[in-house]
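Here the chain labels run A, B, C and D in written order, and each chain numbers its own residues starting at 1.
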Amino acid sequence: MAKYKTKGLDCWQRAKELRAKYYKDYAEAHDRGALRWEGGAWMFDAVPQSLEGEIHVLTEEPYGAAVGADPKLQVRYQEAAEGKWGCARDLCAYLRNYWGSIVLNEYAFGGEWPKADFIFQNHICCSHAKWLQVADEIEGGDVPFFCFDVGVGAYDKIEDRQIRYVVDQIHDGIEFLEKHTGRKFSDEKLIQNVHNTYDSACYWAKTCELNMAVPAPLDEKTMFSLYVLGCLEKSNPDFAHFYKYELYPEVQDRVANQIAAVANEQCRVITDTQPPWGFLRVYRYLEQYGIIAVANLYTNSLIGWWTHDDKGDLVPWPTLAEQGITIKDRDHALWLLAEAELKGKSQWAQFYGAKYKNHFVTKIAKQWKCDAAIIHLNRGCEGTAQHQMETKIALQNMGLPVLTFEGNMADEREFDETRTYRLIDLFVRETLGLQKVAD
Amino acid sequence: MEASEILKQFNDVWQLRHEYAKDWKKRTGGKVIGGMCTYVPEELLYAANILPVRILGGHEPPTLATPHMFDMWCPFSRDCLSQGLKGKYNDYLDGLIESNACLHMRQAFGAWEIHVPTPWFYWFVMPNAVRSPRAKTFLRGELAAFKEALEKLTGKTITDEDIDSGIDILNTNRRLMKQVYEFRKQDNPPITGTEAMTMVWASQLMDKREHNELLRQLLEELPDRKLDRETGVRLMIIGSEDDDREFLEMVESIGATFVIDDHCTGSRYFWDEVVPEKDRLQAIANHYCDRVPCPNKDWGMEDCSRKRFPHILQLARDFRVQGAILTQQKFCDPHELDIPSLTRYLEDNDIPCYFLEFEVTVPVGQFRVRVEAFIEQILAEELFV
Amino acid sequence: MIVAGIDVGGKNVHIVIARNGDIMAKAGAPSGINKAEAVEQLYDETLKKAGLKREDVSQVVATGSSGQRVAFAGGVIPDAAADARGVIRLIPSARTIIDVGAEEGRAIKISPEGKVLDFAINEKCAAGTGTFVDTMARALEIPIEEMSKISLQSTKSIPMNAQCAIFGESEVVSLIHQKTSRQDIARAVHDAIAGRVGSVARIVGIENDIVMIGGVARNDGFVESLKRELEMDIRVPENPDFVGALGAAAAAAAGITGEKVEARVVEKETIEEGTT
Amino acid sequence: MVEAKKVEFWRWPETSWVNPDIDWKKGKFITAGIDVGSVSSQAVVMVDGELYAYSNTRTGYDSPESAWKCLNMALEKSDLTADNLDYCIGTGYGRVNVPMAQRAITEIACHARGANFMYGPEVRTVMDMGGQDCKAIRCDNRGAVMKFMMNDKCAAGTGRGMEVFADLIGVPVWEIGERSFQIEKEPPMISSTCAVFAKTEVVGLLQEGVPENDIIAAYCSAMAHRICELLNRLGIEEKFVITGGIAKNIGVVKRLEKEMGVTTVELTWYAPKMRDKGLPFETQIAGGIGAAVFGAAMLERGKAKSARKA
């Protein structure tokens, strides 16, 4: 007899449709006279999306992950990047998927590689700017390229000086956009896009916050496919609407009615970084022991914005409405965008030292009531894999048992599934002392 | 003093860096602060009478680092952390600075902060978009904050005069080292690549005032110095950090000479000077934005161009190199991201390239055959005509 | 109650038969290609030694990387668990276990009750395994026992890059070419592997007493190198390669049989991944 | 040595041959190339640039010894002695430890030159699968190296890896090629890149009762794939040839050809000549040949002077 009642998400199908449409729109953009641009999942897409007329974006990391979910495709793309372009095998796995895709002139969702009209990127981890710089080179070097710098320090060090630096770069970026697309930049659009971005980022955080509940309404494996929209285009009105009016209320309802993601929840774990995308079944395997992944600095704040309440606990960043802010003009809009990203994206704090990452990870473990931690030592992404071993130590010092296993988010050649199950068996049965629970 | 004697002193400082620093503290009573990358604004440290030292590896398997950085982090960063964990710096290092370096060095810093007792830490936010004019304004502010922090640390205000002397010490050092490099343009350079690079390592480890003194003497000696060796093939060596003396010596023992480099433990560290202007901090800011960039910071503002490539090609031409060895610390993303493009770029300009991936310890046997073959490739005519 | 513990590793099978905690018989043999067969054979031998028939044994627990090959076992427990149970029984003061076998080097942190608190395993590369030692011995053209002995005569430590077993071999060859003495090369090899194993051990945080088990624990030369690497003393029980089997037997006696490993995955809806 | 007791499936048989049609006494230049590799050693003796004798032996503990061993074996059936050599060039891993050599040249240059001699001047890409490394070489019509690449750090897909494998399944290395095609359908390749972990994987497959030949096939395609990765980085250009031990393993060669979409060049003018003489063509001597050819050329061009003792 299961401990809790459970059911799938009603808005699940909708999330899938939105994602599919996004990739289709990008491929077909030119047929409709729309513009295409490339950027990162952490891009301030609100900005280029404010050019007049129809315009579509392809964000590099989700694309690399999508390829990573299909081991066959992924190995083919990566070997093209390594063999034909000659890049190192230990570079970011998404990046190799992406480059390989261009080298083979193949779009993972069908057809030829849809070349972009311009690149609008931002840079915080070593790979971001270079990723599209080289993509541009592989494509012939004729795609206009702009990249601004957001690596300006940890959230608690952000003052006007840092925000101004980012905002001024974006002002230059807007000039670049108008110059290279010949389209006008619309401030009304920008203001709307910033509102949408706030809704996406804040309501995702609110949704993650609901997962503190026991039983947890969402498991991480499901959350992976929900936050992706925010990595594709935070400013997209449909996506913002999804987060605010579809996902969030439904999860509220699940909490109210004690609807669990895992019917036999008996052990809540915190994880770290991306999983090996081709092997999400590992999560299903854990569920047989009533183990559910409830939170992860990465899942919570990849798109979600957070701040601290007066007790020092993590709470979602307030929406513009909650702050009672009306956006005055372009500079104000850009400022609000930069401020929230620089102060609110806790995922970025880990770029400034293990202490920062430990601060957030230990708080999450406490607030989300975690009993253990499972850390995927991710060889595929230096950015999210920052300080993972220190995180392990910090969590152990809290008294949490921790399992680490090496793998790669999108390079199956670096993930040994059998070995991983061996480690999980050992950890779950011996260290956690759990037995399988009947479904 | 004989040139060789001076060069030996550089080597000693590199070998005995910890002893040197401890002794320097005794002599001067000043503070010693470590940096993990060449974007630490040393001008201000000298202005504050602090000795900046570059944290380097020990070229031994970094076994102590494993619990803090798993295998995918670059061997150099793990080696640096390992040195710290071994306590090599414990009894003299007064502080450690991270200057927004690559993610690998950030790992080493993060673990160091927690596990290596060090009185003072500072995160200096060197901007990445160095080719954007906005970066210079931002960096100026960052320098002002850094100056304040140093004043708090030393309890002494840093005057414009102090900064001027800091800039002067650094610029002199840069100018003199560049003059030494000039000698490497000769048909038979009076200084080997190994010696020249050791000179640069020393400048990152010792008081530059003393270093400058030695450089002045060296410059007097070099014109008459004759080396009892064949110059052989003129090679360029390119990469991130490289203080692998064993490797350099091996290559220069099998019919080649490194006549120029692009390393942050070499020319990239000192090639450009601070152009003085009334606003000293702005002058320093401009320098760090305009200097030859680390690949990590090298991207165009409107296109995918790089600033470092033409610079490397110019060096190759000026120093008449016959081939380039591209070295890369295993897992070093910033360089891995540039190497395929750089190789194409140089080969398109008729400079043959050979790539080597470095670990903490180099497998000299394996590397020797590769480099010998590369030399034979360049000298094909000798075998075939 | 009579129980049996069977440890099927990458290279060897070890069997222990015990009655109320006392070992009645033990035996070890190479597992060869057909491990299942090797197990059957060795099991019958061991039973013969103990003067028993199969039906006399009330519980059989298997362990090791190929533990599932023991068709007649009541269950399989993870090898690290077997290590922990075996060691705590021999050396109750043990807190850190280092087990270096043919294909794996692992470190286990255990509680006073022998519970596995943390563990680490050398990943990806064969450096840091028994196989690495074998390969080097082959390159040196001497038996492992010999290599172990002579390495102890060396006083010089030569840094060696133990990245890959095959390249390690060529590094050995080049050391030979440089006329380095076999003693020093043997030690260099041990030091190199000790470095790898040592760093794996550090991951779990080393705590006294440290106990080393597994086939390589028989190699005194290696154990010396590891002591030097960790700057700590290391205890090696006699018959270090039987500890896994002993632990499995102990588990059997305690009624812990783990579970037969069956098809693992329950696929529900396939999900799109997606992101940074 | 360790395996002394058992059969050594991983060893290629040692071979030697002397050209009956050549009277070395009539020759102007007698040159030798001695390739002391990490696993096997070859000696090649040439008379005026014509192949006169060669041997292929196992490298021992001590390379000077190995060098003598293989030279002596090459000259076993001839009255030519080391003292009659005008010039000798050492190559291969132990090139600096070849006592009778006047000069050392790397195996990369020698293999390119040797391949050019053996397969003709149209050869542009040479793949040499050695014991512990694998070299992809681009060369010009003279056999001069234009560019080359070698496997780094990890020895996955080297001759040594294949030997470990042959030893493991107990199939003689010279039978591997044929056996790899005695299968019903091509199995997926061995996935592990590490020679040692590949071993683990193979044992697993054997236990699951996968037929030996399928496993052999799986291993051959894995190795072929590794080589292709290297060739892709270099950029392959025809004509393409493979030298070294692996060239004798059609199981790898055919799969490599298939994956790269190229065909390895058949021996040109040289082959029939050798076949007529009943010479078991030996791909492992390319390095030795290159060295000997370099020697001959240097004497002719007066770039070296004869070191003949008798």
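Following the convention adopted for this analysis, contacts are C-beta pairs under 8 Å (C-beta built on N, C-alpha and C of every residue); 3 or more make two chains touch, one makes a residue touch a chain.
Quantities reported herein were computed from a predicted structural model and do not represent experimental measurements.
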Pair with more cross-chain C-beta pairs in contact, given B-D and C-D: C-D
Averaged-CA centre spacing for the pair subunit D and subunit B, given as whole angstrom: 42
Centre-to-centre distance between subunit D and subunit C (centres being mean Cα positions), rounded to whole Å: 38
Rounded Å distance, subunit A centre to subunit C centre (Cα mean): 40
Computed distance of Cα centres, subunit D from subunit A, in Å: 51
Contacts with two or more other chains, residues of subunit B listed in rising order: 67, 71, 330, 359, 365-366
Of all residues in subunit A, the ones touching two or more other chains: 86, 383, 389, 406
Interface hub residues of subunit D, defined as touching at least two other chains: 93, 133, 153
Category of the chain touch graph - line, ring, star, complete, other: complete
Residues of subunit C touching subunit D in the complex: 10, 33-36, 65-66, 69, 103, 124-126, 129, 131-132, 134-135, 137-138, 140-144, 163-167, 169-170, 173-174, 176-177
Subunit C residues within the subunit A interface of the complex: 77-78, 80-81, 84, 115-121, 123-124, 203, 258-259, 261, 264-269, 271-276
Footprint of subunit B on subunit A - complex, ascending: 85-88, 90-92, 123-127, 129-134, 136-137, 141, 143-149, 151-154, 157, 161-162, 164-165, 168-169, 172, 176, 180, 351-355, 357, 377, 379, 382-383, 385-390, 393, 406
Of subunit B, residues touching subunit A in the complex: 67-73, 98, 100, 102-104, 106-107, 109-111, 113-114, 123, 125, 127-129, 132, 134-135, 137-138, 141, 295-296, 299-304, 306, 328, 330-331, 333-334, 336-341, 343
Parts of subunit A lying in touch with subunit D, wherever the complex brings them together: 79, 82-84, 86, 413
